[in-house]
Amino acid sequence: MSLRVENLACARGPAQILAGVTFAVAPGEALILRGANGAGKTTLLRTLAGLTPPLAGTITAAPDAIAYAAHADGLKAQLSVAENLAFWAGAFGQGDIGPAVEAFHLGPLLDRRAGEMSAGQKRRLSLARLLVTGRPIWCLDEPTVSLDAENVARFAAAVTAHLAAGGSAVIATHIDLGLPAAQTFDITPFVAKRIRADDPFAEAMG
Amino acid sequence: MPDLGQYAVYVLSSYAVTLGLLAVLILGSIWQARRVRARLEAVESRRDRSA
Amino acid sequence: MIALLKRDLMLALRAGGGFGLSLAFFLIFATLVPFGVGPQTGVLATIAPGILWLGALLACLLSLDRIFQLDWEDGTLDLIATSPVPLEGLAAIKALAHWLTTGLPLVVAAPVLGVLLNLPGAAYPWLVASLLLGTPALSAIGTFGAALTVGIKRGGLLLSLLVLPLYMPTLIFGALCVVRGAAGQEALTPLLLVAGITLGSLAILPFAAAAALRVNLR
Amino acid sequence: MNSIWEYANPRKFMATSAFLLPWTAGLAALCLVTGLVWGFFFTPDDFRQGSTVKIIYIHVPSAIMAVNAWLMMLVASLIWVIRRHHVSALAAKAAAPVGMVFTVIALATGALWGQPMWGTWWEWDPRLTSFLILFLFYLGYMALWEAIENPDSAADLTSVLCLVGSVFAVISRYALLFWNQGLHQGATLSLDKEQNISNVFWYPLVIALCGFGFLFLALVLYRTQTEIRARRLKALIAQERMG
């Protein structure tokens, strides 16, 4: 499943953050987003996920192909691991949570409430959510935060398996995941911070 | 001054309340306009100098 | 969408979910009224329809800010917005869940409180019917208000300010139905009007709420 | 022939409104002074209501403009939602406090008129009550504008509120008629019915109404200019921060 982005301009609130972003991700391929803190990686990912409308440019992907994972885990503290996963599986119209549990080694934690888990365990659960979405293009925002080395390896293995199955991924991360088919994409040249062009108030008015 | 009779207090206070509220609205608008205009001019001149 | 409803109901029933708080508020509210107006049964019987409707309305209002706020804070709302569930459906499900966990218990509790307030016997069917048909409108309007204010920190007070004027027609017709029922007058017309407001709210407001959510998420 | 939508451009609006503002403000002052002085000093007392009839020259125009202000906000909100003209959204924002003050004037003068005529300051009459509700709508609308940081989001959300609020305001109006028949007399001014007040009261009333109308227009133009400047100020400060 391919994702093509052409001349994309992204905004956050009243400000344009990025302009002219162009890249393509083929099936089985991963794109690693690089850029300084605050450069606009999160804004780009939110635009790809369809949360923020783009100011200009096009995003070409099959409908309902993108699964998004944000900084926030999006877990319900009162629900158990199994219930959290089952909810997302239901929301995305998927049935089986087995592979997701296995990939992130959540079996021993299934009945634990999300509120009682450590930050790293929550992160694993939140990443396991991606596997129950059944969606081919993953857009991930700093997915390895608070994961230990062992679980970073698990995550890398899950992404590798996803790619091998014909999926693709766009990942904002600073660490090297050692993915087989990964191209690095530095957003620094596309940073264009200014008042958005459709805001008529920044031009001279006299 | 017309003879307002027994209702003078109601009629006069109606007019007083109305004129008072309109004055507050108009003066408030003017005050707000002046403040915004002054702040905008400060920012504009800062911008012109740097440009 | 069913998964969403199931999750919302589960969350409401778990510890800290707030289920029962509105009910307890309703109970306390109705209990406090006689202390305010005096224990004369005649007076209580006259005001009971209005008090019960007002109490139900305020109890609904109490839990509105939880509808979207918690999902917004932990990031779930972003993720649901990227899921196949349309935001219109999300708003409708949220309103339904709010009604099932707040409105429906109030409907069940209202006749009991009616006894405490000396509500005349003829009014009970109208009380239950008007609340049953009217509280869904309260939930739908409240969901719209919650969607408008989801991005605002400490938006609870603002939410009340926005929602209360919108509640007025429902309150008028609902209470009027019970008043007329208590007096043995024709009460079907206000009941039908309550039902009309509910149907209209359920038809329109999920779309308005979804539009507001979209703005707040971007 | 220029398109009317060109006036939705802030710069164009500033130029046009700068031209229009003195005229509307002048007309407002002229009509208000003429209408109110004529009405206050040179009209006879009503045989039933005595001198309180003089309150009509402020009560009726402010009530009519209070409702018209909301209608104008509704139209402006629709234009923003459909065509996304920023000035339109700001004009709606600028009109809200004006409409609210007119509502308060209508309520206050109504109470001052009701006390001698009906023997009570306040009556839960459908008309009075709908103005109270209108006041609450204005309050909520303005509070929502204030509460939201991002101006475009605020414009979107207040527009949605204005649209939904208008629907509910109409329902409330009918609900109130159903609820209580009320003491308030019928409409004083109407086009389709026979004129139901005599000419001596009619002429100053119409002039006062024009005065309130022009005053509303002038204030909205003026306040919209302020809102545009405030919005530009915000944009420039944001630009400075971004470097």
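By written order: A, B, C and D. Residues from 1 in each chain.
The working rule: a contact is a pair of C-beta atoms (placed from the backbone, for glycine too) under 8 Å apart; a residue touches a chain by one contact, two chains touch by 3 or more.
All values reported here derive from a predicted model rather than from experimental measurement.
**Q** Which chain is the middle one, judged by CA centres?
**A** C
**Q** Farthest chain from chain C, going by the mean of C-alpha atoms per chain?
**A** The chain farthest from chain C, judged by C-alpha centres, is B.
**Q** Could you state the distance in Å from the CA-based centre of chain C to that of chain D?
**A** Inter-chain centre distance comes to 32 Å.
**Q** Just how far, in Å, is the C-alpha centre of chain D from the one of chain B?
**A** A distance of 16 Å separates the two centres.
**Q** Report, in whole Å, the distance between the mean C-alpha point of chain B and the mean C-alpha point of chain C.
**A** Those two chain centres are 41 Å apart.
**Q** List the centre-to-centre spacing of chain A and chain D in whole Å, with centres computed as mean CA coordinates.
**A** The mean C-alpha positions of chain A and chain D differ by 48 Å.
**Q** Return the residues of chain C touching two or more other chains; collapse runs of consecutive numbers into ranges.
**A** 218
**Q** Among the residues of chain A, which ones contact at least 2 other chains?
**A** none
**Q** What positions in chain D touch 2 or more of the other chains?
**A** If we look for residues of chain D contacting two or more partner chains, we find 153, 232, 236.
**Q** Classify the inter-chain contact topology: is it line, ring, star, complete, or other?
**A** Here the contact pattern is something else, fitting no line, ring, star or complete shape.
**Q** Can you name every pair of chains that touch?
**A** So, checking each combination of chains, I get A-C, A-D, B-D, C-D as the touching pairs.
**Q** Note which residues of chain D are touching chain A in the complex, please.
**A** 9-11, 14, 86, 149-153, 228, 231-232, 234-236, 238-239, 242-243
**Q** Per the contact definition, I'd like the list of chain D residues that touch chain B in the complex.
**A** On the chain D side, the touching residues are 36, 40-41, 45, 50-52, 54-55, 58-59, 62, 97-98, 101, 104-105, 108-109, 112-113, 115-116, 215, 219, 222-223, 225-226, 229-230, 232-233, 236-237, 240.
**Q** What residues on chain C touch chain D, complex-wise?
**A** Those residues of chain C that touch chain D are 144, 148-149, 151-152, 155, 158, 161-162, 164-166, 168-169, 172-173, 176, 190, 193, 197, 200, 204-205, 208, 211-212, 215-216, 218.
**Q** Of all residues in chain A, which touch chain D in the complex?
**A** 13-15, 193-195, 199-206
**Q** Any idea which chain D residues touch chain C in the complex?
**A** Interface residues on the chain D side: 133, 136-137, 139-140, 143-144, 147-148, 153, 156-157, 160-161, 163-165, 167-168, 171-172, 174-176, 178-179.
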